[in-house]
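As structure tokens, here come the structures.
Look for chain A in each of the two complexes below; its partner is chain B in the first and chain C in the second.
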Partner chain A sequence: MFRTEGLRSNRWRQTTPIPKIAYLAGWVALLAVIPVIYILIRALAGDPELWQRIIQTRLIKLFSNTLLLVLTVTAGTSLLGVSMAWLTERTDVSGRKIFRWLLALPLAIPPYIGAIVHLALLRPRGGLISQWLEGSNLAFIPLPNPTGFWGAAFVLIIFSYPYVFLLSGAAFRSLNVSYDEAARMLGRTPWQTFWQVTIPSIRPGITAGALLVALDILAEYGTVALLRFETFSSAIFVQLAGRYDRSAASILSGVLILLALVILYGELRIQGRAQFTQIGSHWRPATLIQLGKQQIWGFLALLFTVLVSFIIPVGLLLFWSTQGILDHQTFSGMQIGSRGLVSFIYNSIWSSGSAALLAVLFSIPIAIYVVRYPGKVSRLFSRLSQVGYAIPGVVVALSLVMLVNRFLPFLYATPLVVVMAYVVRYIPQAVRSSESAMRQLSPSLEEASRLLKRNAFQTFIQVTMPLILPGLLAGSALVFLSSLKELPATLLLRPAGFETLAVRVWIWSEEGFYFQAAPAALLLVVISIIPLYFLLRRESIFKQ
Partner chain B sequence: MLHKLLPVLAALTLILSACAGSTSQPDPISSNENGNTLSGKLIVYSGRSEPLIQPVLAAFQAKYPQLEVLLKSGSNSQMANTLLEEKANPQADVFITTEVFTAHALSQEGVFQSYEPVGYQNLPDAYKAGDASWIGLTQRMRVIMYNKDLVSQDELPASMFDLTDPKWKGQIAAAGSTNASMQAQIASMIQLVGQEQTEAWLNGLMDNEVTFFGGHSDVRKAVGAGEFKLGLVNHYYYYLQLAEGSNVGIIYPDQATDEMGIISNATTAAIIKGSRNPNAARAFLDFLVSTEGQKIFAEGNYEYPLLNGVALHPDLEPTDGLRKANIELTQVVNHFDTTFDLIDMANLP
Partner chain C sequence: MKLEIEQLSKRFTGNQYPAVDNITFSMQAHEILAFVGPSGCGKTTTLRLIAGLERPDQGTIHLDQHIISDTRTFVPPEKRNIGMVFQDHALFPHLSVFDNIAFGLRGYTKKVKKDRVLELLKLVDVEALSKRFPHILSGGERQRVALARALAPKPTLLLMDEPFSSLDAHLRLEVREHIRNILKASQSTVIFVTHDQEEALYMGDRLAVFNQGKLEQIGFPEIIFHNSGSRFVAAFMGDSDFVRGKSIPTGYQTELGILKQQNDYSPGTDIEIAVRADDIDFKLNKHGNGRIINRFFRGAFNFYRIELDSGAIVHVFKLHTEIYQPGERVLTYFNAGHPLKIFAR
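Our next item is the complex of A and B:
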């Protein structure tokens, strides 16, 4: 848009000065990487003796625990997500259009709320299911141990699969039927066709989703802490609540970030390739597979998934909420200091809202720069701005506490630091949305505006902005949704009196006060559904 | 582009910091020292389980409706870390801890300012700082609670060290290493029985597959529900669970003459140096050790009030007959680093 004629003539661009937008984009990229660099420096500056002790006592176990969980959950979400997408996109199973919606809704439930419900149902002897079994003399039926590795893996799979479901659903939908037909004509069975043609062609979609899940699992704190399976994130949190020294926490954070950067690098590479799922003009949708008598099994699989991942958790939260609100004592227990539920809702909404606004605002220069001035530097800036994906909330909190207290003490202990944490952590989502919105916009419109003597800023406000607005809104909805659910950074950075719904849910349920926690949890889910609904309506798999 | 966007950004930042600033601005201090006209904000950091501190906050708030009482709670050591970080830029007015060691350590770091609340002389010397930088509020005992449906009288453990007996494998619940009462118990044990025995005890707990929860409320509920036979808790968690109708019992451990005695500790309160609302902070400390404040802890939480003359909860057993461990405050504080070393080495969650 700004001097877009530069795009047309390479020779001209080589002599042109650096566009102003590059400076803005550079600032944003710098802001995004400062926390990471700071933590890495702190980690490397750690006492070698401490490094040695950590390597000897903790590192191997944390590494294997974390990797095992990441691999299991990634595999599990891929399997569940792709099966659900296949059933709802490629088969004639009944109710598939409603299931498409229901299967995406768990995105409104943060996994730690899922973990709370899971524990409340399955705790040996104390859980609702366990007690019911005992009450009906069925106590001999063995129940799985809800905590530990399998508990954590189960909960995380159940509440993370929608990422893979949505991405592979979109990939299934854009598949061209002619490939399948060609394979069948060459004598492949439907089963062979599925594995040799269908799966390879949706693989970029699955992989992109799976790697996003992997990054999420690395960052997950609430679920693993509650279900007592120690990973890097929860170990760092414990360190922060331990001795009066941040070195050990910094070292563990440094190692965790390196691990996450490796995954992010893979994700960024795949993401570039996944964009090639273009739909040509001769594209025809694949015909649905007739399940016939097997239909009932497909239907049951869908129903079971939806029950476990959405209906049961929300139902239980509803039940507890009613109990909590009806019981006067519990209800008055929802007061913290002189603040009550209304203030928790208000804090949640305004902090997530500001984060969404700022993240999108900051993402615009990056998007313009990388799309209108493609090149090594702009791509580097774009990638640097996505580093936030690889910084778990605990680490963001740790680095912001140290950075802000040292360099911006007047900001310390204000809710603004919480907002900063959200922006650092979730700006990648905004950058991706803004970039893809910019890519869909032809530069000729901006050129026309410039020819009509509008300056760069006027062009942006009058032409570019209105056209990319839907994309910007989608980005802000994503950031809003993620910030609303964010737990560890909020927990560590919040000033006194600044309680969000997520924090309240966590503190109450950590102490086992489910009736108090439930209304806040339910509100969190309900508020999350609003941006989620807006986002899902944009997804191709919900358009028909 | 840059210079045109900058004012917009600056304006936005200003608006945001205006919203944000409302909690960070210094508060106007009421000039009336003794009347009910305290105003502004009272920021309380607390390491205590929220439900146990909220009633006293609510009562204080009711007394001074002009005042806004703000609570930030977390684990003791997490809040202590925060206070140390904020030393140059203090945010809180009052800190409430679950045990005396953290208070003592922070006092040595110069985080607190001294204040002798009304009735200071009626508090026992053992539970207040020499320089009045912190005061004890209530006393608590480390006990073992058990589920009476699952454990019979004759097989009860009698000592903390019995918890490492393999016959309890997988049957014990306790609070994890982030819990200050647990940290304090480990630090006390290092002083009482030495580092080696404490380390062996911790390893024994790990070998016995003790389940470590985030807090004691979960422990007491799990023992009450029969999920575990034994729970390592502060005494009042037993009473809270009993009051909910569970069939639970209490053991005062290590009472034989050759044993270390029962480990006791106290909750404390202190005013932060640099408090922005010192009048409110002082009034709050006065309230905490007043008969009215102490009654709330005694009646609602089954704690032992430290103020002489405040009646115990009628169900609460007096501590007179108990053999208490001989804990040297200053010594134990010096064992803090060792405590965290042991926690790390035992891999206590």
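Our next item is the complex of A and C:
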């Protein structure tokens, strides 16, 4: 029996040629994982004595600091994000349409700019609020310490919750009212329905958002450095920029990446499942909960969140910028030699723009391969290409410094290395956009084109490409936005004299010139809002 | 034009059983051949193998004396000159109706292209829609545009993969008559895939019945219907019920009495007789051989479900005036004007 089966399958197995796209996808996946693998090898090959010293002196402290921050911020963003999504999607609170936009806009503000505003206001000596309190003889009111763990957690929560807000908002929106109605008919109160039906149904959305936040916090450098709370990222940065100790940095990076890979693995698994929650053809929107007299509290919660996370920071940046431009001395301080704001804008835009273009180009073969040739190999390639999510900017920098030095020395100390870092770090975002665009494209369209006498390449150019273009543009907008805000890798990899808006904001504020940094920070936010607006318009909660 | 398929097989990786298992058949020019069978029977895979959208594991496909697929040759779909109408129509959403139809006309002058597109727009009766985009067309219009697009390059063979399945039931009857007239008028050679027996009988000059990757029977509709080659074909194509019995010298001994009919089996063989609702009849009889379990009103007819004493279920048509209640005992008997199909058990 067994034997005939074997013979049979042998006769049947004819070599199906490997599609050419698989090779391209393979190259992209390889490029995406080289930096991680290189760092892991370097970490493992690290001097055992050094390992021991780091484990004894640094590791426990860094591990607990990092984990504590990640857990606190993830929990905080989940709570804040889901509450805001619930208020704007499921209740009749007034102004919810405008709030939906305002709640998503903090994505245009990098957390380190938030931290700068936070410090400029609350610093014990020289902070605006502190000064005002002293001036008004109210100095006895204790101000919270703006730095340290709670400062960092606060800033990161109020600038990261939009991820959870958007994902859980979309999940609320896609819920069919018939689930609610079915639960009510089966004897559940509205409150029981909410906990037993609504929340479990949107849990994949919440978890996916929370895990993305967790990955972001692991990678965050600017905020924790400004607010002096040491995590893996900031420790690695110090090893690299201050002590030039690549061995210690490699070891710390190896541990950090392992931590991030665990989170990424969870996130990828949820992504796979979340695909099945889709809006069916019989979908009807849920009925809104009438808040009645409680409405004012919902409104105030929304208003407070929006004030703290967007209106106050942007308002202050605007105010300081006007003052700075009017004040001659500060204004001339914004010129570095002959270069001014214009050159920072130019550098920011071209480096982020090329990264966006390259990331999307590279993502196309992966997307085509995984969607059109589903299988173990293609799924592996797709996952490998998303490893970038798990490599914090400092680690990308470390790995590229070593790799470029060794294999591409002619690229060393050119802005191209900065672009490479953006591509490695943010290609996962492009891959996801391109994949979801490909998934929405019925394969029969491509097959129809083949039967109408186009070969595979002509089909891609004439049919596939025009139809997935909006998805590709979204991917590039996402990569552009992320690259624009990127800080640690840019700081570590940039050649002398290559300054972007993010770099300049950072240098000025590290030196304490918060007001001087304001126009550059404001420009960064304004430029970020453009791709962000384009991206948000595609979100289901902003469509009526 | 002639399509010849020999020993065609395809198994998808990870599946234990082949999707298409050693299929051989041929067809002539201007013929409409309907592939019919339950879902997962291999009819669509066979179609895609002919189109070149899948690679066969083994077997040969000849089209017009050319080998388009065998173990060494694989002509890519764009070089086969085969047209296809897809289940979801697959009209390019970024192109107008005109440009969709013109898409397959490569290498012709603008004038020739335009004339051919206009000719087709007229053939399928959508001249007014030429500048529209697919998303605003109705289901029936999309259907006809998809057909026009597939016919435009004058394919040697046209494949249609469940083209009516996305249409509403009432629209389907209307559209299929229209489409069949167009196919006949354009003298197309067509393979038409459907899972609906009635549609297959309507559309096909001949029928090919598929089951579990195998071609069960191919032939004219009347033959398939009245002289089914296998128990599966009788059950699937004719909604037959089966009555068990034994072969005897004068015919067959069954629960419904003796069926006198030419007998090819040696006496004593266990057999099954395929019976349709118009092949048998019943009358009320307290000492009969079964009882009515349900009555379904079908307009001109009453359709009775009867449970025989052995537990077998059969169905009987009666005029709409003949109404009996469920639970009544009946005597069921053969009442066919033609020989019935017998299968060995």
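One rule holds for everything that comes next: the second predicted complex is superposed on the first by the 522 of 544 C-alpha atoms of A that agree within 3 Å, B and C clash if a C-alpha of one lies under 4 Å from a C-alpha of the other, contacts with A are read in each partner's own complex, and residues count from 1 in each chain.
Following the convention adopted for this analysis, a contact is a pair of C-beta atoms (placed from the backbone, for glycine too) under 8 Å apart; a residue touches a chain by one contact, two chains touch by 3 or more.
As the structure is a prediction and not an experimental result, all values here were calculated from the model.
Colleague: Which holds for A:Gly242: it touches chain B only (first), chain C only (second), both, or neither?
Modeller: Once the two structures are laid over each other on A, A:Gly242 reaches chain B alone.
Colleague: Per the contact definition in the header, classify A:Ser136: touching chain B only (first), chain C only (second), both, or neither.
Modeller: So A:Ser136 meets neither chain B nor chain C here.
Colleague: Should A:Glu511 be classified as contacting the first partner (chain B), the second (chain C), both, or neither?
Modeller: Touch partner of A:Glu511: chain B, not chain C.
Colleague: Regarding the shared-chain residue A:Val463, is it in contact with chain B (first), chain C (second), both, or neither?
Modeller: second
Colleague: Output check: A:Ala448 vs chain B and chain C. Expected answer is one of first, second, both, neither. What do you get?
Modeller: A:Ala448 sits against chain C, while chain B stays out of touch.
Colleague: Is it chain B or chain C that touches the larger share of residues in chain A?
Modeller: Counted on chain A, the partner with more touching residues turns out to be B.
Colleague: Taking the contacts chain A makes with chain B in one complex and with chain C in the other, which residues are shared?
Modeller: Comparing the two interfaces on chain A, one with chain B and one with chain C, no residues are shared.
Colleague: Considering the complex alone, what residue numbers of chain C touch chain A?
Modeller: Touching chain A: residues 9, 11, 13, 18, 51-53, 55-58, 71, 76-80, 82-84, 86-88, 90, 92-94, 103-104, 106, 149-150, 153 of chain C.
Colleague: Which residues of chain A touch chain B once you look at their complex with the stated criterion?
Modeller: Per the touch definition, chain A meets chain B at residues 2, 20-21, 23-24, 53, 57-58, 61, 123-126, 147, 225-226, 228, 230, 238, 240-244, 246, 333, 335-339, 350, 354, 357-358, 361, 401, 405, 409-416, 419, 456-457, 460, 491-492, 494-498, 507-508, 510-513.
Colleague: Residues of chain A touching chain C in their complex?
Modeller: Contact set of chain A toward chain C: 11-14, 16, 375, 442, 444-445, 447-455, 463, 466-467.
Colleague: Spell out the residues on chain B that touch chain A in their complex, using ranges where they run on.
Modeller: 1-2, 4-5, 9, 12, 16-17, 19-21, 23-24, 41, 43-45, 49-51, 54, 57-58, 61, 68-75, 77-78, 80-81, 84-86, 88-89, 91-92, 105, 176-178, 211-212, 214-215, 217-218, 221-222, 225-227, 336-337, 340, 343-345, 347, 349
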